[in-house]
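These are the structures in question, set out in turn.
Both of the next two complexes hold chain A, though its partner changes from chain B to chain C.
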Partner chain A sequence: METTKKLIRKKSLEKLYAALSMSRKVYAPVVADDNRVEYKYNPEFSAITFDHIQSTLSVKNLVFPKVENLIYFTNHKTESSVTEVDVSRIPEVVLWGAHPCDAAAYDVLRSIFCWDTKDQFFSKRLEKLTVIGLACHQSDDYCFCTSVGLAPDSAKGSDILLSRLKSGDYQAEILTEKGNAVAGLSPGLFEAMPDEGVLTADVKARFDYREVTKKLTGAFKHPFWVANSLRCIGCGACAYVCPTCACFDIQDETRGLNGRRYRSWDSCGFGLFTLHTSGHNPREVQSQRWRQRIMHKFSYMPDRNESLGCVGCGRCSRGCPVDMNIAEQLTALQTI
Partner chain B sequence: MSDNIYKPYLMEIENIIEETSDVKTFRLKFKNTDEAGRFAFKAGQFGEYSVFGEGESTFCIASAPTRKEYIECTFRKAGRVTNALAKLEIGDTVGFRGPYGNTFPIDEWEGKNLLYIAGGIALPPMRCVIWNTLDLRDRYNDITIIYGARTVGDLVYKHELKDWEERPDVKLITTVDPGGQTPDWKGEIGFVPTVLEKVAPSSANAIAILCGPPIMIKFTMPVLKKLGFQDKDIFTTLENRMKCGFGKCGRCNVGKVFVCKDGPVFTYEQIVAMPEEY
Partner chain C sequence: MNSLIARAKELLENKSVQVIIGYEAGSNGIARPAFISDPKDAEKLIYDDRCIQNLALYLTKHEVKHFGKMGIVAALPVMRSIMMLISEQQVFAENIVVLGISSDGSLLDMADIGVMKGYIGKADLGNPAKDEELIARLNKLTPAEKFEYWQNELSKCIKCYACRQSCPMCYCTRCSVECNQPQWIPVQSNTHGNMEWHILRAMHLAGRCISCGECGRACPVNIPCHLLTMHLADQVHHHFKVHAGTSDKMSSVLSTFDPSDKESFII
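Moving on, here comes the complex of A and B:
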């Protein structure tokens, strides 16, 4: 589809939001009491932030919930049975104000969940999701999107991309049919775009991901991993806040004879993640697990999934309790 | 047909064999005959077996694809799921998803001598391909099976070992570790590598299939090399912890190789190229 650029005034955004909220769930960022930014369903428009640098959690939960039921079952000896989860009940959701790193992360997740075999839960949620992206007009020292092939104004993954103008109004770039459908709800709100530049954050490139990928090919036994993971306490916070981490666990839960089998977020940083029943563990120490995290994202995924497992959002570094900084490590990896 | 890749087939336990004090074999039959008709697998593939309420566990399909009416699995009581499985009775229901993974390239082995070497509970992942090649017996040349366990009591498939021993077209050598023999034990006494060295099968026009605990593999490999086997002609299976079975959950990879997708069957040539992460 041919993309179009329109002007949408700040006050028209409220009308667009109201129109969307009538028919769909809208997931938008608000500033919580402790000043952290979190996404909520259908908040008051006045509470929505347009100035945040990064939410604490990513928005991957829209397509990969923390806990997702896979089947329901009844456990009754000879008469056990399985009931399907009805994916047709997955609702339409509009994600409002996702930064370009988070919007791009959906493609990365697709490269995992739809690689080889297609995961219907993920696919259905993505199909029902419309992304209204919000280009970044500011950033912080943790942001490194430009080092991983993205930019503060990347359109990848967005159906409509909003970019702030000097006037405080927004440019709305309508990128897909889904975006067109959303814009079509209130066509009167979109005006002709004047010749005016958008405000874009200046995120300096710190490393070249292609160089990192190249370097990692022969780096499995390098002392780098031990030296750079001594601090790691294996808490898994990095994976929890990461928009592209997709490793999961599958567990059963029962009440009486009835139960569910669900999957839940997991992390390669945990020692139990790869532990065999025999007691053998292929990744028994933290340095092996840290290496897996970096290798998976920057070497194995480019090779196997044709995607890079990182969008440069910087959340893992902001959230790390022992201040491990992934951008610093990747920069250092270029020259090992 | 369900689009849900996590939905298991419902299987009825048709038969249970107590192989050892803590190892059992289940014969499983599809409850739904349409599913049974559509199901197909090849030697080497595995599945996720589940007890509803306890979870899923990964093991190979231990029966041969040439026997289509059922599948069999053999497991040791070790963790939560296998302990729950062991408590089930004939007629009970279990879940099964699969088949997953790659296969032994038995078509490429036609006309060759086959040397199977297994230790302990590692005979089950090999039983499928052994029976598969025995059921197509005239396609292969000599078939030799060397099977060892710690003690006589730890040998699995005792009823089948007897069949194989009596077959003129199979050479079976069983062995137990020193001290593991019983007074009436007629097989070899000694570790698998030592027995292999003694039997010394020729590597000419031969394929070796090796499954066992890491320590056995470590000491058997040099013997195979000494006998002249090339890395590309030695096959084994890798086992890593898995949840999904189709390359998504993130657990089983050895470097960039997914055991669940690219394996579980690998040649030794492939294994030596992998990082040590298995």
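Moving on, here comes the complex of A and C:
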């Protein structure tokens, strides 16, 4: 579809939000009591932030929730009966104000969840999701989208992309049919776009991801991994705040004769992650797990999924208790 | 700082230790743990107000132990953790050299564990003022309000286990939450499962926690989970007159029977 650029005034955004909230769940960023930014369903418009640099958690939960029920079962004497989860009941959701890194992350997740078998839960959630992106007009030292092939104003993954103008109003770029449908709810709010430049954050490129990918091919046994991961404590903070980490665990939970099977987030940083029933663990120590994290995102994924497993949001580095700064490590990896 | 660097260099040069666990300047103006094995790198060591992580955690980490004898930069919380780890036989005094740091940031001469014990004995073991303030505020709430507060806080938990992984006393190689046949607590992250995890964690640390607050600092979503263990540490002190990490021969109060223990809970 041909994309169009329109002007939407700050006060019209409130009307658009009200129109959307009437018919759909809208997931938007607000500032929490402790000053962290978190996304909430249908907050008051006045509480929504348009100035945040990054939320603590990503918005991958909209397509890959912390916990996803897969089946329900009842155990009988010699057999079990199974009830499938009805994915058609997954509701329409509008993600409001996602930064370009987060919007682009859905494509990365798709390359994992729909690699061969199309994951029905993920696919249905993504199908029901409309993304209203918000280009970044500011950034911090942890942002590195420009090093991984994106930009503070990338339109990838957004259905509508809002960009701030000097006047405080917004340019709305309508990019897809889904975006068109949202704009169609209140067509009167979208005006002709004047010839005015948008505000865009200046994120300096720190490394070239293609160089990193090339270097990683021969780096499996390099001393870099041990030297740069001694401080890693092996928690899952990086993976859980990451918009593209997709590993999950599957568990059965029963109460009496009834139970359910669900999947929940998991992390390759955990020692248990690769522990075999035999007791053997192919990734025995933390350096091997840290190497896996980098290798998976920057070598295996470009190789097998034809997509990079990182969008440069910097959350893993902001959230790490011991400063395992990934952009710093990738920059260093370029020259090993 | 210069005396710390000089001491670290000396220990590495005369091969008294194979690695120094300390702090270095990290990215974006923060400090982070450093592992110095080459005397030339001792210059990287720093010590200032930003150096608050409890480094005792690394004394039980496989790849760090692999270096051999370890020197460790230790302010009071790290010293107390070392005492607990020695008491629980996870660390052996002869395998470590402590580079003590006083409350004003100067290097202390810690010739042996006895000297460290003496130093801890004279130190102020109180909780940081801002934690005391919050604990006092929570103590004023009714049980229902307290429950609501924690329900609210713990609903944010994503079960990344940064609280567990950052704790020097959570050194088990296989945590009970990792057993799923049967499950001890729900593996998934929901409010109920999160509460069970944090209560279990706090109980496992009661009488062992030295109130460094590392778990709360490590939490990516700012849950003040350290208040749970800190409060239990205060309760242990109140009932048993014991501060964890003040001796290298501590027995855990909650797993040791003493004929003089209070039995007021038995009707």
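Everything that follows uses one rule, which is that the second predicted complex is superposed on the first by the 335 of 336 C-alpha atoms of A that agree within 3 Å, B and C clash if a C-alpha of one lies under 4 Å from a C-alpha of the other, contacts with A are read in each partner's own complex, and residues count from 1 in each chain.
Following the convention adopted for this analysis, a residue touches a chain if its C-beta (ideal position, glycine included) is under 8 Å from a C-beta of that chain, and two chains touch if they have at least 3 such contacts.
Treat the numbers as computed from the prediction; the structure is a model and nothing was measured.
A.B. asks: In the superposition on chain A, see if there is space for chain B and chain C together, and answer fit or clash.
C.D. replies: Superposition check on chain A shows chain B and chain C fit without a clash.
A.B. asks: For the combined three-chain view, what is the angle at the C-alpha centre of chain A formed with the C-alpha centres of chain B and chain C, to the nearest 10°?
C.D. replies: 80
A.B. asks: Looking at the overlay, what does A:Ser46 touch: chain B (first), chain C (second), both, or neither?
C.D. replies: neither
A.B. asks: State whether chain B or chain C is in contact with more residues of chain A in the superposed arrangement.
C.D. replies: B
A.B. asks: On the A-aligned overlay, A:Val285 touches which partner chain: chain B = first, chain C = second, or both, or neither?
C.D. replies: Once the two structures are laid over each other on A, A:Val285 reaches chain C alone.
A.B. asks: Mind working out whether A:Ile71 is in touch with chain B, chain C, both or neither, as first, second, both or neither?
C.D. replies: Touch partner of A:Ile71: chain B, not chain C.
A.B. asks: Which of the two partners, first being chain B and second being chain C, lies in contact with A:Thr335: first, second, both, or neither?
C.D. replies: It touches nothing on chain B or chain C.
A.B. asks: Which of the two partners, first being chain B and second being chain C, lies in contact with A:Cys247: first, second, both, or neither?
C.D. replies: first
A.B. asks: Thinking of the overlay built on chain A, is A:Ser88 touched by chain B (first), by chain C (second), by both, or by neither?
C.D. replies: A:Ser88: touches no partner chain.
A.B. asks: Please state the minimum Cα-Cα separation between chain B and chain C in the superposed model, rounded to the nearest whole Å.
C.D. replies: Minimum C-alpha separation, chain B to chain C, in the superposed model is 5 Å.
A.B. asks: Show me the chain A residues, by the header's touch rule, that chain B contacts in one structure and chain C contacts in the other.
C.D. replies: 249, 251
A.B. asks: Tell me, which parts of chain A touch chain B in their complex?
C.D. replies: 70-71, 73-75, 77-82, 84-85, 112-113, 115-120, 220-221, 246-252, 254, 259, 261, 263, 266, 268, 273-278, 280, 282-283, 288, 292, 295-296, 299-300, 303-304
A.B. asks: Which chain C residues qualify as touching chain A in the complex?
C.D. replies: The contact residues of chain C facing chain A are 26-28, 30, 32-35, 53, 57-58, 61-64, 158-162, 164-166, 173-174, 178, 180, 183, 186-190, 217-218, 220-222.
A.B. asks: Contact residues on chain B for chain A in the complex?
C.D. replies: Chain B reaches chain A through residues 2-8, 10, 12, 50-56, 78-79, 82, 89, 91-93, 95, 214, 239-241, 243-244, 246-251, 253-256, 258, 261, 275, 277-278.
A.B. asks: What part of chain A is in contact with chain C in the complex they form?
C.D. replies: 34, 36, 56-57, 66-67, 141-142, 226, 230-231, 233-237, 239-241, 249, 251, 253, 262, 264-265, 267, 270-272, 284-287, 317, 319, 321-323, 325, 328
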